[in-house]
Each structure stands twice: as C-alpha cells, then as structure tokens.
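Before anything else, here is the set of structures, which you'll find just below.
In the two assemblies presented below, chain A is common to both, partnered first by chain B and then by chain C.
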Partner chain A sequence: VEERPFRSASGEPLALRRRQHSASCRELALRRPRLQLRSLSAVTSAVWLAAYGVFVLSENSMVLSAAIFITLIGLIIYLHFVKIDQESLLVIGSLGIQLTSSYASGKESTTFIEMSRVKDVVINEAIYMQKVIYYLCILLKDPQDPQGVSEVVPLFQSSQPRLDCLMEVYKSCQEILDQRKEAPQSS
Partner chain B sequence: ENSPAPLPERAIYGFALFLGSWFGFILYLIWAYVPETWLFSLGLTYWPQKYWAVALPAYLLVSVGIGYILLFGINMMSTAPLNSTNTVTDNYAKKQQQKKFQEEAIPALRDIPISEVNRMFFLPEK
Partner chain C sequence: MVLKVFFPSCCSSAESGILIGRWISEQNSAVILAVVHFPFIPVQVKQYLSELQRVTKVNVSVLGSWNNSKQEKEESLSEFLEDLGTIFSHEPWIQISKEGESKFWSCSTLQKRSNNHREEEIILVYYDQRKVMLSCLHPPLDTAASTAHEAEDASRLSAIFDTVAKSKVLFMTDKYDDGPIKLTHWQSDGVEASIIVELMKQASVPACMLLTFLLSLISGACKSRMLKFWPLSFLWSKLSTCEQLAHRLQHLQVISSNKKAQNQTQLMRKANIFVSLLIDVALGILLMSWLYRKNRIGHLADTLIPVADHVAEELQDLLQWLMGAPAGLKMNRALDQVLGRFFLYHIHLWISYIHLMSPFIEMILWYVGLSACLGLTVALCILSDIIALLTFHIYCFYVYGARLYCLKIYGLSSLWRLFRGKKWNVLRQRVDSCSYDLDQLFIGTLLFTILLFLLPTTALYYLVFTLLRLLVVIVQGLIHLLVDLVDSLPLYSIILRLCRSYRLAAGVKFRVLEQQDGKPLRLLMQINPLSYGSVVQTYRLPTYSCYPKDSWTSLCKKLFLGELIYPWKHKGEKQD
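Up next is the complex of A and B:
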C-alpha cells in the first residue's frame, strides 16, 4: 500500500493511494479533503446573519425558521449528492474496471466496465469552460469498427488531479492493460 | 477579376451610400425633433410615433450588449463535452488513408491515435 500527496487543478490537496491486490489487480483511490468545520460554520453564520437582517427589516419571524430549515436541508443534500470524498479505480486485468465514488454521507456509487469493452485508458486534453485541462478517461471499443472509439468515460471528475498524479495513475493502469496483450487470445 | 482595387463603379456605389446615409440621418433628426403640429401643417401626417425615435436606438444598443454575451455563450455551448468522442477523433481522422512507408522519405502527415501519443509522452522509453 502506498499513499502519496498531490494537488488538484484548483490547488486543494489530494492523496493517491495505490494498492496492489495481485499481479493483475490494482486499486487506485484519490481522497479529497473532508468538509471543514470552519467553512461549514462560515456558510451557516453568513446565511443566518443575512436572514436576521431580512427579519429586522421585514418583522416577519418566518424568515428565521426558513433560514434554519434551508441550511439543514441544504447541508444534507450537499453531503449526500454533491460532496465526493473519494474516487477510486479498481483495475482487474482479465475482468474489467470498476469506478467508485464515495460521498460524504456514506453513499457509494459504482460503475463497472468489462474488459472486453475497454479499448484503452488515456490522458486526454480538452477545452473545459475557459481552460484546457488534462483528464484521465477510458476509451470504449466500437463493435462495428475495431480501430474506432465508441464512447469516452472521463474519470476523477470531481477531484480533477493535475498531470503528475494522472501520469502515475496512467502508468499503473497501462501495466495491467499491457498484460492482456501478452496473454494468448483465447476467445 | 475579384480584386479589392478601387473601380469607378465602386466609387459611385460609395458616393450613393454616403448621400443616402446622410439623407436618412437628417430625416431621422427631423422626425425626432420637429414638433408634430409643424409636420401636420406641412401635410406630412403619416409618420411613426415619436416614441420609436428613442426606442429603436435603445433596442439596438441593448442587442449589441446582449450579442457579446450571447456569442460567448454559444461558443461555450458548442465546445465538445468531456465525454464526447469529438475530443479524441473526428470524421476526417477516421477515414484517413494509410500511406506506404518509404525508406529515407519523410513520413506522410497523418492523425496519430491518442493511445500512441500517450505512450510516447507518458511511458518512459526503455
């Protein structure tokens, strides 16, 4: 097990953990910083102070209860649907690739792609908003065209690691993917 | 035949446009500033409301401002999303012909597949 610190495109610290389960099975997990108490309290105080200001101006006490309600519901929705704590990639040489996103509320959403559908794992550059970013993606095979690409699956969308981290993940994945070319084509 | 050089016809077109635009401008000023009663007394009664003398320039300026933002937005909408195959290949690259490799000649220009490019950049050469 190996853990190394990296940075995301926006500057937040990430931790890449590599586990080698066996010769043809590797797990790469990118962990993001957890929700900080100081940012949570800052947002909550800002919303409640604004609501208190509105209450002083409008003399309507419903504003205060609405603000409390909104912050509670908003926090739950944020933790369950938005805040991703860890994104991991499990590459099993002969079987497939599994992508897992773990949210702050404990929810995990996984996607599995069989190895017969995977053409390659590459680092692609694309225009995103006003920048050009590097991102890792899985290219899926086109059933009609052996050389073609039918779909592109971007990885690590919420962590957005920088090129040095992407190169590490790329090299690990390529070591596993190279093995399937060496293995004899049985079926 | 399609040179941008000045020609007599172009000079005439230019002068006609110049006179026409001055005429239009003077007409607009007359319509906007001369009181309605004076125009009616001359017999010219069928004019658009003077409201439009202010409204049309205002509409025009706002459209120009919105046009900047709209163009920027259309640009962003036309950018291929991160999960589209257009970031990796396109019709011309798919249909390209492979030229034969000739010794001692510069290799023909072609679109190199992204897997090959990645291997060259990111995997250390042994």
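Up next is the complex of A and C:
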C-alpha cells in the first residue's frame, strides 16, 4: 500500500493510494479534501445573516425557520449528491474494471465494465476555453466494428488530477491490461 | 489464463463432498451451484446430473471436490477426494479445502491433459445464490432474437445469471430432502412465502374467469350498434372520460387474461397495471368519502351556478371594455358595436340555458360524483369535462374570432399581392405575376384599404379570446398531466426497487475481501441495483394521449395566421 500526494487541475491537494491485492488485481484510489469546517460555517452564517436581515425588514418569523430548514436540507443534499470524497478504480485482470465514487454521506455509486468490452485505457487531452485538460478514459469496443470504439468512459471526473498523477494510474492499468494480451485467448 | 471460481456463499458451511456446477470454457470460469456430500454412489450421481441437464437445459457436471474439515487436515479424506477426480473426469479438476473456521481457503487445480504445468492464478468469487437466482439483469437479452454469434460473445455476467436462474431446482433441495443423493444447501433465510399470497393465488383463478366474463359483457354492450349513431359517437370521442374508461377497461382485460406472463417484462407490466388500478380506486374512494361527508357535493352544486354567472358577468364586462376604447386604442365604432353585440347575445343565450338547467344540477352532480369510485383518474377526467362544458362559450368565441381573423389575414395577403401585381398560382403552388384590369385594381385596392383599417379591431377581439382559450387549455392540460401520471407510473417496480432491490439488477459490483499470501484472491460479487430513473423509464405504462406535437415556432405561426389550434390530440384520432 502506498500513498502519494498530487494536485488536481484546479490546485487542490489529492492523495493517490495504490494497493496491489494480487498479481492481476490492483486498486487505485484518489482521495479529495473533505468538507472544511470554515467554509461550512461561512456559508451558514451568510445565509442566516441574510435571513435575519429580511426578518428585521418584514417582521415575519417564518423567514428565520425557513432559513434554518433550507440550510439543513441544502447541506444534506450537498453531502449526499454533490460532494465526492473519493474516486477509486479497481482493475481485475480477466474480470473487468470497476469505478466507484464515494460521496461525503457514505453513499457509493459503482459501475462495473467487463474486460471483454474494454478496448483500451488512454489519456486524452481536451481543449476547453483557454485550458488544455488531460483526462484518463476507458475505450469500449464496438460490437459491430472490431476496430472501432463505441463509447468513451471518462475517469476521475470530479477530482480532475494533473498529468503526473494520470501517468501513474495509466502505467498501473496498462501493466494489468498487458497481461490479458500475453495470455492465450480461449482455447 | 486466470481461473475464476464462482462459489455460492450459502455452501460455505457445507460438509465435505463434491462440487457440481457449470464450466464455461470460453471464459475459463466455473460456476458452482451445489455441493453433493457423502454418502453417494457415483453412478447415481451421474444419473441425477443427466436428469437435471434434461430438465433445466443447463450443462451441469461435476467440477471438483470440496473438503471442509472441522479439525485438522484429514489426510485420508483428501486422498480419497483426489481419487474421485479419476471417476468423474473433468478438465480441470478443482479442489477447494477449508480448514476449521479459517476464512482463507486453499484452492488448487489438477490438470492432467495440459502440457505446461504453469501455476495459473485462481480467483475465488463469492456470490449470494438466492439473490442472483431471483434477479433479472437489465437490459434483458432477448434469447429468441439473438443470433448464435451474439450468444457467443454474450457477456459473462448474463451467462452466469442465466445459469443460476435456470438451476432453481438445485437451490431448492437441501440435505433434509429425501432423494438418491444428498445435496447441501444451507438456506439461512428460508424460502420466502406467506399464507396470504398463497390464498390469493388460489382465489385468483376463479376471480379472473369471472372478471373476463363481465368484461366481455361490458365490451359487447359498448360495441353495440345503438351507441354508434352519429351524435352519440361524436360525443363519446370528445369526452375524455370515455377515453379514460376505455383505457382502464383495456387494462382490466390485460390482467384478467388466463395466459401466464411469458417473461419478466410482461409479468412486471401486469403487476404494474394491477397496482396502478388498485391505487387509483383507493384514491377515488377516498375522494368520494371526502366529497360526500358533510354534504360537500351539495355545496359544490350550489356554488356552480353562481360561478357560471360570475364568469358570464366578467365576460360581459370585458366585452363592454372592448366596445369602448380598450387600452387607449381607437376602434372602428361600427364593427366594434356589431361584434360586441353579437358576442353579448351569445352570452345571454348561454346564461339562459344554464339557468334552465339549474334545478337539475344538484342531482346530476350527485350521481356523477358517485362515479369517482371507479378511480381518481375518472374523477379528474370528469372535472376536466365539466370545465370544458362550462367554458363552451369561450371556445365558441375563440372559434368565431379566429375564423374572422383568419379570413381577414388571407384576404389581406391576397389583396396585397394584387396591389403589387402578383397572383397565387394554385396549380404551381407559387406566386406569379399577373396583369390586372383597371377596375379589378381599383376594387382590389379599395377592399385592401378597408380590410387593413378594420384589422386592429378584429385582431384585438381575436387576441382576447385566444388568451382566454389558452387559459382554459392550460388548466385542462394540467389535469390531463396528472391523469397521465397516475396512469403511467410503474408503482410496483418502484416499490420492488425500494424493498427488494436485488431483483432489478443493472450490473454487479465486486468487493475485495481480506487477502492472505499464497491463497487465491477473494472477491465478493454483489448486485448493483438499477437507478430509480431507469426503473421508471424501462417499466412505464403506455398512455393514450400524446403531447403537443407542434413545436413552439409552428404554434406561434398558427396563432399569427389565425388557424385553429388543437394542442391536446389523442392517439388514434383522425387528423383533420
């Protein structure tokens, strides 16, 4: 198990953890910084001060309870649907690739792609406005056309690591994907 | 290549014996379905397996041996198990052994025929056999339609799900069953059953037959010639209540049919229709009990006439405003007075008819309210029809205004062409130049001027009545949206996704369990359930109405030209 620090495209610190479970099974997890107490208290106090201001103007105490309600509901929605704490990639040679996103509330959303559908794992570059963004993606095979690509699945979309981190992940994946090319196909 | 062994977690505490299951050679994986423990006679086992193969159409065979020693390693037993490899020849022969209560099992293979003695890696995947057996993988692979080529590259997941689902009979027998051989299957949860469900299954057959008989009577009566005369058939097609009743009748016919559902989609559709009908009727009865308590329906009937009067009064005020100088615009007095008086007379007629009917309103409403017990959707459709009937005069005004405006616009465009010396060629569907005589030009220009200066008046009347009509259409549209929601929501699928999420599977997910060096890689395979959005999309029931087919631009164009708009058209209605 090894953990190394990297940076994301927007500058926030990320931690890449690599685990080798067996010769053909590897797990790569990217951890993002958790929700900071100072940003949470800043947003909450801003909302409550604004609500208090409206209360002073309108003399309606419903505004205050509505503000508390909205803050609570908003926080729950943010933690459960928006804030991703960790994105991990589990590569099991001969079975498939599994992508997991874990949210701050503990929810995990998983996708599993079978190895027979995976054509390759590549680093692509995208030009967005004035930036060039590198991203890692899985190319899926097209059932009709053996040389074609039917779908591109981008990885680590919310962490957006920089090229050095992507190269580490790419090398690990390729080592396992190479194994399936070495092994003879079905007898 | 890597060997993958799928082991059911319910057999982890089985006693020593042999493993039976299916070997999928293209994927180098073994799906273990059960453990046969001692004592057994090899010949009987082979007979049982061939019988099983015939019944389930799954290629079941003996795959290896399972050694569960509670104390230390029993040498003699392990040798005996190795010798079994010679009796049941299977390539490769898998040997799994578990010592005591240790979590880490050792797994090895015996390859007799292969030339290279390279140690291949083994991955042990645990799966919950009951859940995989009951679940259904989405998107479903239609076995009848797929060709042999596609079946070959069918994903390994669907092959595994298929294998386990078809071997239900193997899962259901355990060591307490009497039989020639003893299978081990610890069913820790037991087989799910309930008395109510069983009783309902027994009662459903005569109930279905009775329902089919009643439905055939009703549909026969509906199709009778008496109801097909022109005024009545026109009325039935316009009332949305009749559409909804016909739709529900069709649903009832689907669920009361004797044929069993062939596959998963049909079963889910039947269940969804049944639950939807049940909820609909329950909500309708609730609504009915609320309406009839404290005589609310009497109050409703009492307020209906004053509301209609109020609407008529508001319309009269509106017309008086239009006949004056609306919004500061100057109207053409003569045309204004003619149109205003015409519409005022209509309102007067309408009010007289309403007052004529007022003694009967309460009784009619009381009996019509009773039909809410047929379902909430029927009650909402009746509400929508009542709104349509009460605002019939607004619809009439809209049609008059639109026709007048449309005529004026066409007249204007044709005379404008005359003004410029052109003509519309009907044969060639294009504008051609044409030389007119002087008197034609003179009259044409005169008419053009008259129509142009009368345009603001007509346009204003048209605008006002179109806005009113659109308001009524929006209200009716919202009611129909609600009706469609109740009709098409697949409640049974949503509840199934909530309570038994493993039955609707979008895929699988793997979890890596604790590892130990030297032992095979251990993974746990769990079912990844379908998201709620895909559940609703896959299983939603088809409805009879289609939503506005006109895009916004064509709608605006029609409004500008004065063509009549029919925003909510039903499927199957002939296009005008």
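What we mean here is this: the second predicted complex is superposed on the first by the 182 of 187 C-alpha atoms of A that agree within 3 Å, B and C clash if a C-alpha of one lies under 4 Å from a C-alpha of the other, contacts with A are read in each partner's own complex, and residues count from 1 in each chain.
As a working rule, a residue touches a chain if its C-beta (ideal position, glycine included) is under 8 Å from a C-beta of that chain, and two chains touch if they have at least 3 such contacts.
Values in this document were obtained by computation on a predicted structure and should not be read as measured data.
Model built by superposing both complexes on chain A: chain B and chain C fit together without a clash. Contacts of A:A29 after superposition on the shared chain: neither chain B nor chain C is touched.
When the shared chain is aligned, chain C comes close enough to touch A:F112, but chain B does not.
In the superposition on chain A, A:V152 makes contact with chain B only, not with chain C. With chain A as the corner point and C-alpha centres for all three chains, the angle toward chain B and chain C works out to 80 degrees, nearest 10.
By the touch criterion defined above, A:L64 reaches neither chain B nor chain C. In the superposed model, A:L75 lies in contact with neither chain B nor chain C.
In the superposed model, A:L95 lies in contact with chain C only, and not with chain B. In the superposition on chain A, no contact is made by A:V54 with either chain B or chain C. The gap separating chain B from chain C at its narrowest, counted between C-alpha atoms of the superposed chains, is 11 angstrom.
Shared contact residues on chain A (touching chain B in one structure, chain C in the other): none found. Against chain A, in their complex, chain B makes its touches with residues 76, 79-80, 82-85, 87-89, 94, 113-115, 118-119, 121-123. For chain C in complex with chain A, the touching residues are 1-2, 4, 25-28, 121, 123, 125, 150, 153, 155-157, 507-510, 512, 515, 521, 523, 528. The residues of chain A lying in touch with chain C in their complex are 21-25, 27, 90, 92-95, 98, 100, 110-112, 114, 116-117, 143, 183-184, 186-187. Remark: chain A residues 119-120, 122-124, 126-129, 135, 137, 139, 145, 147-154, 157, 167, 170-171, 174 touch chain B in the complex.
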